[in-house]
Every structure is written in C-alpha cells, then in structure tokens.
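Listed below are the structures to be examined.
After this come two complexes, each holding chain A, first together with chain B and then together with chain C.
So, the complex of A and B:
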C-alpha cells in the first residue's frame, strides 16, 4: 500500500534526477560546513596547539573568554564599528538617497554609480590608501588640518582615535551601498501623501519626519541588522590599517580568532571564540531574515 | 513669487553642492592611486599628497607587472575566479533547479538545512577547514582555494537561483515533457536558455567575492608564487611600504578588472549585494 502511495505522489525519474542534482551541493556542504562546524565545537573543548596531542578541558575555554579583557575589547570594538558605520555610512547614505530621489535631479545615474564604487574594491586597496590619507606627517588629513591651522593628529597611532579612523574608512565604503538601498525605498514611496501634505502647508522637514521616514522604516530596520552582521565580519580592513594595534585598541573578533589560533597556536581557545561569534551571527541573521520576510 | 524663485535656486545649488561634495569624497582615494601611479618614484618620495612634478606614464606599471610579479598574482586570481565562478554556476544551478522543480521526499527539509548552514560565518569554520583542506590536498593550492570558494558561496547561490527557477512557469516544462523531451533535454533546451539573467547576477556577485578575497588565501596559501592579488598587495606593502608609485600601480592593476565588470553589470551589482547579506 505504501508503495502505491509513493508512486502516486512522486515520479520515479524525478526523484532520482532530483537527488542526483543536489548531490554536489550536499557533498560540499557536508564536508565544508557540517563537518567543520562539528569539529570547531570539538576543538573548542580542547587545550590544543594544532599539532601535538590535545587535552579535553570541557568548557574552560569558554569560561576563559568570558573573563578575558581582550575578548571583550574585540567584542566592544565590533560594536563600535557597527555603530560607527551607521553614523558614517547608513545616515549619509539615507541623506544622499533622499536628495537624489527628488523629482528633477540631474545626473542621478552618474552620482549613484560613483557613490557605489568603493563597495566593489578590495579592503586591501582602500585600506592602504586611507592609511596614506591619515599619515600624520605626509597625509591628506594633515594638509587639510594645516589649512585650518589646527593641531595635527596621529589618527591610527593613537589608542583613542585608531578605531574612529578605521570606522570612517568603513563608512566611506558603505554609504553608497546604503544610498542604493534607500533610493529604491524613497522612489517607491507614496507621492500623493507628500503632495497633499504640501498643500496642507507642511514644511519639508515635517514631511520628511512624519511621512517619508515612517514609509521607509522597514528598510532602515533591515539595513541596521545587515550592518551589524557585516560589521562582525570585518577583518581585512583592520589587518591592513592597524593590525589590531596600537596596544589592541583596534582588536576585533575575527582578527582575535586568527591571532589566537594561527599566531599563538591556541586552537582550542580560538575555536571557542569562533563558536561564540557564529552563534551571535546566526541569531542576527535569523532576525534579518524575519524582517526581510515581513517586508515582502 | 520672486523670493520664492530665489529660494528655490539656492535650494538647487545647495543640493548639487552636497551631491558633488560626496562624489569628490568618494573619488579622492581613487584619484590618489591613479595620479600616484603615473608619477616617478623619486617624485613621490615625500608622499602622495604633494604637487606632482615628474611624470612616468608606464614605468611603474611595467615594474609592478614584471619585477613586482603582478603578472603571476593576476593570473592566480584569475584562475581562482574562473574555478569559483564556473563551479558555483554549475553546482547552484543543478541544486536550485532540483529544489524548485522536482518533487521528492525530504526536499524542503534539505533546502532549509542548506539555508541554515549558510548563516554560519566563514570565521567560525576557518580553523577546522585548515585540516580538511590539508587532507584533500587543497592546502597551498590556487585551484583548491577556488573550490573552497564554491562551497562558501553555496547558500547564497542556491537561494538566488532557486527563487529564479520558482518564477519560471511549470507549464513551460510540462509542454516540453508532453512533446517527449527527456528531463535532461528539458533542462538544456527549455530551462537553461532562459537562465542567463540569473546567471549574470550570480557571476557578478561571485566574481567580486573571489577577486577581493583576502582571508582564505592568507590562511591557506603559503607560497608567494601562488598568492592571489589582494594577498600579494598586502605582502608587497610589507616590504615596499613607502614605494608609493609602485604600490599605486599595483593597486590600479588590481581594481581594473572588477571595475570593468561593475560598469558592464552595474544594476545587477547594486541589487544583489543586499541579498548577499546573509551569505556566510
């Protein structure tokens, strides 16, 4: 009976072809994700240098990381970066999108393409150029400060400003991307609402706050969650600009994992940090998907 | 009425002032490397931000390409990109077509497991990956890292391609089947000719990720001769940190291919990067 039912519901050819076609993807997934994830969790319970024998230490790596200052510093720096990107990337992007969404802006396509450019190039390239810009003796920033007669600053060399410098560069790569997302949202808003508000004598600012902003609020929510996810993946930029220094002032999670495992040969501890990062990211990704689906 | 018109003019001027200012801000780093790459090395000794006096149009490019060995790094990057892009297109197309159009037990469950998997960031699995790659002989190998790129892009590719195939009407396939086409023929003659728009989106996204990838090559490639461009640039700066002209030429070389792809596929780039958010 079961067999008949199966035959009714499925076409034998389709079942075989279907499984065969997902096989390559499943094989890659099983080897590179499932196996590695299980292994990462396994390592996180060990005291192991990656080469020699290992000792099972239970949850003590996790206990260590939650009491480790540099771990919390990295975690905090990732948050600093995320919030900074919202200030230097998301808000300017929203402003530019708002300006570009006006009815008769000339060169909209050109501005759009230009703003987006930084997003497509490697962090190694823009990271290096921004290091030159920040150079306290020869940099562009110094020249601009000199122009106004201010005091020159060592942006990346000072523990108080190094993270700010990285974040400004991060924002530079990000605002054009946000602009594209916001532009689509602004262009899709209800024009009639705006016009009737104008007739009723509302000012531009009032319209922006009371009419435009609520309409694109779902997009803002999504973009902020996206920004947090993206910010916890940042790696190249910090490596190129400061290498986590000075004195761990710009240490971030991914670079911290790299250092612990590959430089200090602490595979167990590094894996514990990696698992914590993974859990954190999965939570935010689920939140993002939830918001994205509600948006649709 | 006159006052209103003046106010409107000022508003317009202010609008373009902000837009142009933002464009200049965006372009300064690009202009810096382009201009610096065209100056003599002696001229940029004091740094890239002093008024240029001596120009050398091809010198730095030739040096970066030959002495700096960027010819080799460039081809390493290209090989890696071709393997990753071709593999991603094949694997993701097959799997997504199966997920979208065939019916078999466990189909949806498997799809959601794959989606869940792609939420795991690369950084979480990068340590065990080292040993997996080693056991497959993929460590310290350009094609090996290319194949790894297929795996890390799976989730995004399958999600994107599946939503494309779902939008393809079933009646189209049924008609071909009724005409006596085999499943393979339906795929090659009916489905794939319609797939190019989705493929070009996926190609652009995958190509950019591969071309700019620094972390995986840095962890898993050890021979300098096998470095792809971003890692080579990073290593090159280590030994030539004040060689501004040469570094700039190398940087321009490294961004030209991706900028060309960008200009050709612009609209696809811009819409797809958001979807790539969830890629691990």
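So, the complex of A and C:
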C-alpha cells in the first residue's frame, strides 16, 4: 500500500530529482566510508609496513590478535571505561538533570552551561589538568589526602588504579553532556501523570521510578548506546594521561591500533584490530537495539 | 650553395645550443621541502636560511611546509606511495622511523655527497653515524644533542661531596645527599618514552664498552652481558634506595624541581639549558659534566649523543643536485650555523667557526661534543628497531613498578630485538637494493 501511495503522491521527475539530490552525499559516503572500509579490510589481510611491497597472509593477522593478551586487555579496558563512564557520567548526569528539572529551580540555564563546560574543552587540556590533580607529589588529590593524614597514591602510576583514574576523568567531562540531554527529556515529561500520582499518594521515589524513568527510557537507551560507542573511540585521553601504561594497564583498542600501525609499522595487523573493533560495534548496536525493542 | 646551407645550419645549431644552455642555467627550480620545524625559534631559523639560500641561488625557489612529527610520519608514506614526495625531507632519522623507506628504495644514498661536499670533514660524526646502514647513508643529521650530568654545586658543597668522576662515586654521593634531605636524582621514569630511554640509555653507555654498544647497534648482539646486568642493577639499586623523587613512575616537571634546588643531580640533554632558563630563577646556577663512566667499564664508558632529526633526499626527486646544494647550505656554511645557534638555539653539526654568540652552557656542551678524549656515541633511540624502541620506551617505568628484575629486563630486551631481527628492521638485518 505504501508503494502505491508513494507513486500517487510523487511523479517520476520528482523521484529522480530526489535521488539526484542525495547523490552527492551518497558519493561522499561511498568514497570516505565504504571505500576506506573495504581498503582497511584488504590491508588486514596483508603483512605490510605501510610502504613498499606487501605479502598476502590471509587471516593470520586475525588469528594472531585473538591469541594476543594485550589485544584482550585493551578490549577489557574499553569495557571497563565504557561501564565506568555510565557510572561516573550517565547516572550523575541523570540525577543532576532530575534535580534541575524541578519547577522551583532558578538559574537553570546557568547550571546547564557550567556543567556542560568540560565537554567543550579539548581532551588534551583537561587530560593534563587531571594529570596534575593526580600528581602524587604536588597534585590536588595529594593535598586532599594530606588533610586527612593519609598516604599519597600514584593514581596513574599504579597498574591497579591507572584505568580508574582515566575513567573518572572521562566521567567528569561526560556528565554535563548527559545532564543536558536528560534535562531536555525530563522537561518534556507529562506533568498530568505526576500530579495524578501525587494525588493518589505516591512518594517522590515511586514517581521517579514508576512514572518519570519509563517516560525517558528511549533517551536512556539512546544515551547508553552512544556512550558505549563513544567510549570505544577514546584515544586522546589515554595518550595524554598514561600513553597506555603503566605496563599496558591502560591500553585501549584505539591506542593499540595506533601503536601497531604507526609505531610498530604493522599496518596489516593494526587494520585487522580496527576491523574487529568495527564489527564488534555493529553487532553490539544491533543486539542492544533488538533487546530494547523486544522489551518495549 | 651547399656550403651556404651547411654554414647556415651550423649557425642555427650553434645558436639553438647556446639558447638551450642559457635556459638550463636560468631554469627556475622549485624545491619542495617538508620539515618538522614547528616551534617558533626553529621556524624563524629555517625561514632565514631559506631566504639566504634563495638570495645565493636566484633560480631556486624553496617551498617549505612544516609539520609536527606525527603528521610528518603519517603523510610521508602516502606521499612516497603516490609519487608526490617532497624533494627534501627533514624528519627523525632512527632506523625504526626511516628503515622502511630505506628498504623501499625511496631515499637517496648520500655517500658520494658526503665526499663531494666535504661533509665527512666538516660535520660532526654523529650526523653521518645515525643515518647509516653499512655504506648506505640516507641523511645528514642536524640539531646535535648530548646527554650529561647536570648538578647543583651549592648542594654538593653543603653536603660535602665532590663532583663524581665515576658512577660508583655518583652512587656514594647520592647516599649522602639523601641523608641531607635532598632528592639525589631528579629524574622520573614515567610514561614518556624519552624519560625512560634517555636515562636508561645513558646509564647503559656508562657500563658498556664501545665495542659492546657497536655489537648491539650493528650486529643485533644479545643484551645479556655483564656490563648491561651491572647497569640495570645500578638503576634498580637507585630505585630501591629511594634516590629518585617520590613515585618516579609518574611524570613531574623535572626542570622545576632541579631549578628550585630540590634535586642535586639531573641526567638530561642540552635542550634543558633552554628549559632551565625558562623557569626564571635568576640566582640559580648549575654545572654540566659528561655522565661519568663506571669503574668496571674497560674503556671508561661513552656519552649518549643524538641528532634531533636530519635532512634526506627523495630518490624520486628530479632536483637531486639542487637538493644537495640546499642541504650543504643549511648545514655546512658558517652563516647558516650562526643562524641555528643564535636564532634557533640549537647546535648544528658544523664544526668550523661560525662566529655565533652562544651562552656559556652551550659553549660547555659544544666543547664536550668536539672533545676527542670523550667517546661520543649515537644514543639507543637512534638505532633501535621499532620493537626494541617500544621496550625501552617503558623500561625504566617497568623497573620502578617491579615488572622486571634484571633477568626479566634482559629477556624482554632480547625478545624485542629478536622481533626486530625477524622483521628485518635493524641495522644488522635490513635488506635493500642500493
């Protein structure tokens, strides 16, 4: 039926004009995305240093990466970071947005701007600021610990805490962004439902849990997918704060790709890791969307 | 009639040949140069020198493009692959960076140019040693740097220790300095490759003989030698005794610590002269000596030298002779050397008298560089393959964290070298058609 309606509403010239209009964007997409993707897959089947001749090695780069401990460590660290950003970024952002969305809050626009500020600062800049905060000799964290008489810790120099240090920094810059999105979602809630629930004697927590959250669930889903995808693309923060160390404790996928391709001149292997990362992200997104739709 | 025609033809030929010769001499040449002179002082230096060159060679136009190191690395490969490489490249010259280009035949062999332009005699030896694989010389090194032991004379005097002449004396001095409440050694072995490699490399060279260094550099010899073990044990001892700042595995502003008089010694290179003056503490004075060798080293140890980067000529260039003239002008003339010293504040490889006015600290350093009694050898980052480079980039931090003991350190170093050997990425194994 849809096809019949389409034909009835648009004549042939309009349809052709429509396709012509999307053609430039499609061409750019084909050149800068599809072609690059195919090329990257082609490279992933080669033993190649980036210049000169290459040797076709089939799937051996893929076999190698699946048995490489640092690859799996990077993959695990990316998940750690993604889940950490949800804990330190998405949840605080949601709670803050909920508080700011109340009818009696004044100066909402100022709060929104202030909390959003870290998001517009370059990762290199706030990465360096947090390196100073964590500095075990002169940093802010040391000064706070000193106030309580504790012993200074080298957050970024300890294998067990370095990833946490980066994740907290990432969460700090992310929560303002989440707050802005959640604020828009909370502001669009159906007020009548809330008022009805209040009249029926529901508590604030019950209203939040049973009425507010279900209404913004599509936003939560969208933000979680976006956060996880975004977290798997983190690179500059690790570069600035730890360089993947100590002893690979903060190695993540994108940095690992860079290291292999550009530092160790293993373009084939680096491309294989990039392809695996891309495939994983596509599978994850499809799966998450499927589960979210089924739940709805 | 035939004679007339023949004479006319000869005349026409002679006139046309003269015209061709004249046009060759006046032919306008555009030399495309990609360099990594991105800082203000370096850019000011190269722009001055480029203008001087164009004044001296009016038929040559220099088109230069400055890129940061990462951009250069990432754009040079596609430029060569697509045949659009610049005529002259100024970039890092270590084998880990340039080895693949040498293998692919993209860089011109400059051996003959060294003889033709007299660079063998007039430039510091490290300029040629770093970009050499056997008889193949793929560049001319510039921005000569050397590691040294910087110390605070006031602290040494207060504590009552003399200037150390051996590593063993340095260790003893540090014990007393620590007792006096100072940080004996102001280095951190942190996340930055250079803070690991420069320090560990300097200590290694204090224990290894020149022959041992040469064997590792050119023949991929094992790191498992008594001298390397002693060097690693010494660093480990300094870590265990707490001679470094608290948490040396995390970076800090080492120059500030040194300038504030918190640390007594600092193993660093001559780039720190500028950093220390930038700190802006007027009454702070320091001294520089070559890093002392170990008593256990048969030849007294070697000093770590670097060339920051260097000039190379693309094999695809159609203006190779002009490119060589340009390099000769940049590095082998007194007027250019003066600009490098005074405008860019770096040490050029030129050994002649440039007439430049340089500060006292740089005078001391250039004195060490040209002192024949000091064994000056290219630092490990100048010749390590990419896997070994990666290992040494974190070697110091991993010693601090206890990831390696001495055996683990040597095993990991040998494994990294073996990976480079397998990939044909060392000076000893690189294969190419000259």
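One rule holds in what follows: the second predicted complex is superposed on the first by the 247 of 296 C-alpha atoms of A that agree within 3 Å, B and C clash if a C-alpha of one lies under 4 Å from a C-alpha of the other, contacts with A are read in each partner's own complex, and residues count from 1 in each chain.
What we mean here is this: contacts are C-beta pairs under 8 Å (C-beta built on N, C-alpha and C of every residue); 3 or more make two chains touch, one makes a residue touch a chain.
A quick note: this is a predicted structure, and the numbers were derived from the prediction, not measured.
Chemist: By the touch definition at the top of the document, which applies to A:262: first (chain B), second (chain C), both, or neither?
Modeler: After superposing on A, A:262 lies in contact with both chain B and chain C.
Chemist: For A:157, is the partner it touches chain B (first), chain C (second), both, or none of the two (neither)?
Modeler: second
Chemist: Name the chain, either chain B or chain C, that contacts more residues of chain A.
Modeler: B
Chemist: Return first, second, both or neither, reflecting whether A:125 touches chain B, chain C, both chains, or no partner chain.
Modeler: A:125 sits against chain B, while chain C stays out of touch.
Chemist: Classify the contacts of A:196 with the two partner chains as first (chain B alone), second (chain C alone), both, or neither.
Modeler: neither
Chemist: Is A:135 touching anything from chain B or chain C once the two structures are fitted on A? First, second, both or neither.
Modeler: Both partners.
Chemist: Counting only touches as set out at the top, which of chain B and chain C does A:206 meet: first, second, both, neither?
Modeler: So A:206 meets neither chain B nor chain C here.
Chemist: Which partner does A:247 contact after superposing on A: first (chain B), second (chain C), both, neither?
Modeler: second
Chemist: If you lay the two complexes on top of each other, which residues of chain A touch chain B in one and chain C in the other?
Modeler: 135, 137-138, 262
Chemist: Please output the residues of chain C touching chain A within their complex, sorted ascending.
Modeler: 70, 73-74, 77, 80-81, 100-101, 103-106, 190-193, 245-247, 249-252, 386-387, 389-390, 394, 397-398, 401, 403, 425
Chemist: Can you check the complex and tell me which residues of chain B touch chain A?
Modeler: Contacts found on chain B: 15, 18-19, 22-23, 25-30, 32-33, 46-50, 90-92, 94-95, 97-99, 102-105, 107, 110, 114, 116-129, 131-132, 148, 150-152, 154, 158, 183, 208, 211-212, 214-215, 219, 229-231, 233-234, 237, 244, 247, 251, 254-255, 258-259, 262-263, 266, 269-270, 273-274, 277-278.
Chemist: Looking at the complex, which residues from chain A come into contact with chain B?
Modeler: Per the stated touch rule, the residues are 9-11, 13-15, 17-19, 21-22, 24-26, 28-29, 31-37, 39-40, 43, 92, 95-96, 99-100, 102, 105, 107, 111-126, 128-130, 132-133, 135, 137-140, 143, 172, 175-177, 180-181, 226, 229-230, 232-233, 235-236, 239-240, 253-254, 257-258, 261-262, 267, 270-271, 274-275, 277-278, 281-282, 285-286, 288-289.
Chemist: For chain A, which residues are in contact with chain C within the complex?
Modeler: Spelled out, the residues of chain A in touch with chain C are 49-53, 131, 134-138, 152, 154, 156-157, 159, 241-243, 245-247, 259, 262-265.
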